Amino acid sequence: MGNPPSAPSPDVVLEVQDLVKYYPVKRGVVFKRTVGQVRAVDGVSLALRRGRTLGLVGESGSGKSTLAKVLVGVEQPTSGRILVDGIDVSAMKRAQRRELRRRIQLVFQDPYTALNPRMPAGEIVGEAYAIHPRLVPKGGRARAVRELFDLVGLNPDHVNRYPHQFSGGQRQRLGIARALAVKPQILICDEPVSALDVSIQGQVINLLERLQDELGLAYLFIAHDLAVVRHIADEVAVMYLGSVVERGTETEVYEQTRHPYTRALMSAVPLPDPSMRHRREEIVLSGDVPSPAAPPSGCRFHTRCWLAPLVAGAASDSADVTIDEPAAVPAVCRTDRPELLPQGPPDHLAACHFAEKLTENTTRAEAAR
Amino acid sequence: MPLLQVRDLAVEFVTADGVVRAVDGLSYAVDAGQTLAIVGESGSGKSVSSLAVMGLLQSPPARIPSGSITFAGTDLLTLSRKQHRAFCGEHIGMVFQDALAALNPVYTVGWQLTEALRARHGLTRRDARRRAMELLDLVQVPAARQRAREYPHQFSGGMRQRAMIAMALAMDPEVLIADEPTTALDVTVQAQIMKLLAEIQAERDMALILITHDLGVVASVADTVTVMYAGKAVEQGEVQRIYSRPAHPYTRALLRAIPRLDHKGRQLDVIPGRPPDPLHLPDGCAFHPRCDRAEDVCRAAPPPPLAELPGGGSAACYFAVEVMADGKPAERAES
Amino acid sequence: MSDPSVSALVAEETATVDRVQGGGSLWSNAWRTLRRRPEVIVAALVALFFVVVAAFPRLFTSQDPQRCDISNSGIRPQWFSGPHPFGTDIAGCDLLASVVYGARPSLLLAFIVVGLSVLIGVTLGTLSGYYLGWVDTAISRAVEVFLVIPLLLAALLLLSLFRTVDTGSSVLGSILQPALVLTAFGWMGYTRYVRANVLETKNLDYVVAAKVLGASDLRIMVRHVLPNAIGTVTALIPTAIAGVISTEAVLAFLGIGVRPPAVSWGILISNGSERFTGDSQYLLLFPLGCLVLTVLALVVLGDGLRDALDPKLR
Amino acid sequence: GSGSDDSGTSGTSAAGPAGSGQSGAGSGAAPAGSGAGAPAGGNDAEVSDAVVKLVLNQDVDTLLPMDSNVGDNIGVLDVIYDGLVRYDPKTSKPYNYVAQDIATKDNKVWTIKIKDGLTFQNGEPVDAAAFARSWNYSAYGPNAVANNYFFERIDGYEPMQGEYEEDDAGKVTVTKEPTAKELSGLKIVDPLTLEVTLTAPFAGFSTMLGYTGFFPVAKACIDDVSGCAVKPIGNGPFQVDQWDQGQKLTASRWDGYTLPESPAFTGIEWTEYAGKSSWPDFQAGDIDVSAPPPALWAQANADPDLSSRKVESPGAALTYIGFPLYKGKPYDNIEFRKAISMAIDRKTIIEKILPGQAVPATSWVVPDGVPGGKAGTCEWCRFDPAAAKAALAKAGGWPAGQTLTIHLGKDETSEQYFKAIGDSIKLNLGIDYKLDPTPDFFDRRSSRGFTGIFRNNWFPDYPLNENYLAPVYGGGDAKKGNKNLGFYDAKFEQAIKAGDAAPNLDEAVVKYADAEKILAADFPTVPVSFSQNVAFYSERLDNVVLDPFSGSVELRLLKIKQ
Amino acid sequence: MGRYLARRLLQGLLTLFLVILLLHLLTTWAIQLNGNPALAFFGDRVPSPAQYAAVAERFGLGDPCYAQVGNPCLGPFVTRLGDYLTGDFGTDLRGRPVTDIVGTAAPNTLRLFAVVTITWLLIGMTLGSVAARKRGRLTDHGIRGLSIMIDALPVFVMLLVYRYVLAVPLYTWAKDTFGSNSTVALLFKPSFSSDHPMITVIVPGILLGLTGSAAFIRLVRAAQLENYNSEHVRTARSKGLTERHVVLFHIVRNSSIPVATAVGIVFTEALAGAVITEGVMNIYGMGGVLWKAVRDSDVSLVVGIVSLLAIVTIVVMILVDLLYAALDPRIRYE
């Protein structure tokens, strides 16, 4: 299950090793017993480099937000290590951890719930200074807030407005400004543009990119939209049911996809080009993501995998197998959990027993061979 | 004559702050077996116009000062509200965006699927149950017999949306209006649902009005497209043409703003500013404050009417022909 | 199209944002909504009038409500033709003076009870919803216990407990006992309400954001959770005040209300309702009129406030 | 005997012939066989087939004679049980009823002969044993019945009480269990003869015997006391059919009744009202006897039809104001007390607050119906604001800035009443007052816990002027005064003693009246009002007579119009 | 579900225990401060310690702790709890079993509550629905105004006016028109009659229900309004269903959830109204009995009645929770 911890590189500001977060399912009359676990994050290893962006994609419920919450310290990990600048967070004292929290900040998806509706914008952004008084001397706070407004492209005269007086894009900027107030090194963006209109999305993405350039921030950019991730990310990790199934640079993952799930995900993204309509390969996954409280055995993806039956079909020399038949899945997929292993380049990892079947940009038909 | 034709539709809301003209002179038409996509930013009047078609606007505050909605020769707006709804129930189905909210939490899915059949066609309980199962099968919900007995909250997001679609299909409508049916869903599920919709449409030769702001989805399913901005249709036409040679600067900007899966660009094009406040629309063309092509005439003159374009379709821009000639939006984006 | 410079963008935004919501806070928005409803304005004025009556009774009558001459008993309302505009009661006390001076204990009681109940309810509700666990268990049990014990029973019991305690004859002293009882049995609603709201609020992103910034629990509760949980409670307050004023009348009727010789509307109504069945209807109608008017005003005010604060119902 | 003082914890309205306390009889003259004015009891020929509908205004908890001491259960038991003697409704004089003869030589040993052939409603004989059984049960301390104290005059009472000790913390420890279970002063001479020996001579003993507490009970009743409390086994003309406690009590004629005085109708239905007004039901014709609440008094009186069906008779209870004489200034100053008294406009207050239920008092002993009672003995009981002010000035005035507390029991009617009195004082003397209704009135009074004037209500046990005087004002010592009031006057004590020592009652009454005169001069308390019994009755009733003491309708005299 | 029930019942037991303890403490302290009710037994007389002790014993207040201010009297408390466990709820001061008192008084109060609840539902549902339907119109304002007026008018005023002003003429009229034992006549009887416990409780119940209905009208209105604007109602309309069907099956059904919950929890609150109604209309019920018991410091009766009431209330609360689950399938208790 675990991956060998990669050698600490000087660039790495945040490293996650074998991180696990289970939510207990409790039950009981007087005293609650734990009767099961929701395996929200189930052994994730990642590394985030200074000034770079790691894109994290995956379907709903795959544990992306949970991972983000663990990283910023809102949730305590069940096991695993989080290293900030090579230092293990769990080994730190309270005060140190508080200081650390400051360094990792979060940008939220929903610009409507992310801001306290009863606080003026300036106060929202400046709250960090009330919490960390040493960050900015007392007299300079108002100015610091105005500078932050300016930095994220908001009118500094609007410090006294309330969130509902801002548009969605502007609110997202406020959220970013709030995160930047504590001078973080790492920004975890949990679907920061999902709730925005296409026309506004671009503004926020551009802003994030500019800030990265200016401030040297490292981003963990969580998104549904593979196109957005491709646009912004240097490296990409794909999550499925609590674990990373593929990891690599943007080009590797998008162009030399090594996991059937990633492939399916990408083929599901519609292209804004009617001329491509029937010229693209379409892999439509059946069903929904299984419940993380009772994940499938072996490879977590085997219940929905489009490749496995093809592989199995090839193995059994049978021409017409349907994906819906679980029997058509190779036994190894059902029993063994594939490890995240290098595929080609050492930093391109995928967790699939049949990853080699996808070495080229293979079509389905080719894979079956 | 098209199956469903909307002409010069206007919808206003009387609010405490003033009158909001949410839809202003919208016209479109769909034929059986055709897919019309209505795209536009949030608040551009997509939902309101389709609610007007269905007779579902609350009045007050809504009112329809002008326009006609003709379905197979019947002007729906001349009917009483009761007749209007009954008529739409029979001929037009509607799928809403948030299926969890749109389904009644206290009834089983099966009950809701066949509610209209039972209430309006006097179907027996047994027939209703059979029909519910058929419908669930139709939308490819596995274990239909069991699922029909479950409540909406026991369904996953994709399942709910399927149930929603099944419900809209229950009365065998000739037109299906789908208001952002996949916005809340994962891409994988979105692909499932869109595939399903396309299949059903083809099978039944239904007209489909797809409301969305996802230009990718539009590109993959629509035949014709209506682009809305601030309550007005700013461009209409064949999907191919609109994507390759947009005639309205807004359409073009929209297309340029989308990040693309198939190649990586460093800097995204954006549409500056924000959608206009419906209460205080700018004078002249509503898009002019955000338009890179705007000239004095756009600010001063009355908003441009929707004009026929040389190669078919229409656009509401004084410079439509020039814009169209500018070339493919994608090429520009890469520059 | 090229990327507009940040400053251009800012200017752009400034131009549009000014029109977004017309400026002003949530409260000033609420105020603007309220202003447009004439009945709310009238209600506010009526409520204000009675508050002024309670605060400055001398402005409205020169008579001493405690100075009663039995030989003047039962004088019918004289309006402007005599010294007793509203007439006198059975003991010969001037009714106008009684009604005017009765406003203070009634309103004060209501304000104190609602104020304290909200304070207790909000505090416990917040703690309960925020920390859950044993704090929640303990508070939930307390809520249930107080819900189960009938208010009147407790009122009587506490009354007999406090009988021997001399609270003095000041207005405060005379309302202390009913205030205590009504507060003791008035907080649970707020607790449950606030708890539910806190449960909802505490997982909102902005609370998480504050945690990520390193804010303390206290800060999160006071600055983030409470203000948003309390909004709806605010709208309940006028109605609650109205409720207490009515309840005071019921307590007075049962003889466990405001302590004599202080007069309250409740006492006047209770005394008057006995006479109503006889021949002195005005003894009931004047104080009851004041009570109904005040309650009406407060409820309308509360309704208005709720609608103004809750955009869903607008 | 000792009087009783109702704390007035009954409900909100004092409608109807209410009044608690016990009636007693105490005419010193030989009572036996008097029969004078014996009422024309209903005989069977006249019985009309009707159910009379009455009300119980007080909470009735029990129908056990030894435990019944409030007006309403006494009223019920009056037709369920027969006592040794009964009282003349006009003169209050006792006459023998179940007793054949009651005789004594020395007022200490009494021989009671019981009529032959009487039985309880369950067939048990009413004989000497029945009385002895009942009285022994009552007198036995641990049974803790309400009428226990009536037996303290009989020999052997003390040993039945046991001994207890109370330490400073109020902890009671039993030091000695009762040593006897029976009164040694009771001797069953033969089945129908009972000999009673008193601890000391008491001429009034025979008059007490008509009181509820002295009724006989059947053996079956002692065997099942709690059952008997709900469904009595009486020896009177009526038997209880059913008692739905708190709601309704029905009784009907007992066929086995042999004595002459029996109600002239077949049934009675008492509806319980527990202090609420039955007036609307009376108006609606569902109730035969009622009285309007104060608010409706004027209306009812103005209605000629209604007022023609009204009976009024003077009651025996005195409401008076007490002073904490033990507290010194200014209460121990007679001028102050005079000032208070003359500042109260009794007539108007009663007219407005308690119309028809009271009359102004001008004496300490009720003027009508009690031997020795005379109106106008109180010189300062008139309303005279000027004189009151003068008296207050003479007393040195009221300390500035202080508030006069008026203590009273918890009862709304008396609260209104005393508020009006306080208003009068304030108006005429300029003294600010406050009311202090307290549930532990008696406790505080006997422990001298009052700091201001207080309301008292005296209800006599037996009709004799002595009963208004000695129990209230006597028994104190020269230094501290008596327990409740702190009053002591040697001359008063002497006059009472002289009365006690008088050879016959008529002479005693005169001596007691002297004591009242001394009291009038000392003026330790301020008489305010005497109670008044009122009843309105339905059209079908006739011969409605109120018992002077309890105020309830004399059922055995009541007639139904045909 | 079973687990949930078990947990709720355990919690209920704990609550019950706390209630009894609290009441025990309050009544005990009341006795300690105000004097043993045994003293009141003697009225004006000053009892000998012997007599006093005998009466205190009979009243069940013989324990010396009742004389020591501040003593929590845990001894008698434990004894009482033990008795309760054996089903013995004790007797009142006069020796009448508490269960007997409750047995007679409770049915009347329950009848009253039944009428009150029906009144609430009828008035609240009708007027609330109409107001929601006509939201913003004159009818809506009228109904809201009316509800506030009802709210502001204390119950006792209505009851007194009814009993003293209206009842007698109505009753007389009904007796003359329909006969003296007719249902209509009994309906207007000015006081409760234990011979006709149901019918004579109707008018008082309606009057009491009327006061409580104000809150109900508002609750129903708010609950329905929420549904009127909800998306699932829009969906239902899009199916071409008639408005009547939509209102009945989607609006009324869905808004019944908060309404049903509210009906359940007002049980204890209704007791206050019951004390007054029972008092004015002379109904022998729990309210009146409890009232008197507290005034008499009748500890056994107070604690006994309230314990029984508490049991009922807790059971009602649990039932409401279960009802909630029945009405709203989203709730599943674990």
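Note that the chains take the letters A, B, C, D and E in the order they are written out, and that residue 1 is the start of every chain.
Note that in this section contacts are C-beta pairs under 8 Å (C-beta built on N, C-alpha and C of every residue); 3 or more make two chains touch, one makes a residue touch a chain.
Keep in mind it's a predicted model, so treat the numbers as computed, not measured.
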item	value
Comparison of B-E and C-E (more C-beta pairs in contact)	C-E
Far-end chain from chain B, centres as C-alpha averages	D
Where chain C and chain D are represented by their mean Cα positions, the distance between them in whole Å	49
Inter-chain centre distance, chain B versus chain D - centres from mean C-alpha coordinates, in Å	91
Distance between chain centroids, defined by C-alpha means - chain D, chain E (Å)	38
Averaged-CA centre spacing for the pair chain B and chain A, given as whole angstrom	31
Junction residues of chain A - those touching two or more other chains	167, 170, 203, 206
Multi-partner residues of chain C (each touching 2 or more other chains)	3, 9, 13, 16, 20, 160, 163-164, 274, 277
Junction residues of chain D, two or more chains touched	12, 296, 410, 439-440
Interface residues, chain A side, partner chain C - complex	69, 72-74, 98, 101-102, 104-106, 108-110, 113-120, 124, 127-128, 130-132, 150, 153-155, 157-158, 161-162, 164-167, 170, 175, 178-179, 181-182, 203, 206
Sites on chain A touched by chain B in the complex	59-60, 167, 169-170, 197-203, 205-206, 209, 224-228, 230-231, 250, 254, 264-277, 282, 284-289
Chain C - residues contacting chain D, complex	66-71, 73-74, 90-93, 160, 163-164, 169, 255, 260-261, 271, 274-275, 277-280
Touch list for chain C against partner chain E, complex	141, 144-145, 147-154, 156-158, 160-161, 163-164, 242-243, 246, 249-250, 253-254, 269-270, 273-274, 276-277, 284, 288, 291-292, 295-296, 299-300, 303, 312-313
Of all residues in chain E, those that touch chain C in their complex	11, 14-16, 18-19, 22-23, 26-27, 29-30, 33-34, 144-145, 148-149, 151-157, 160-161, 163-165, 222, 225-226, 229, 265, 268-269, 271-272, 275-276, 279, 287, 290-291, 294-295, 297, 302, 306, 309-310, 313-314, 317
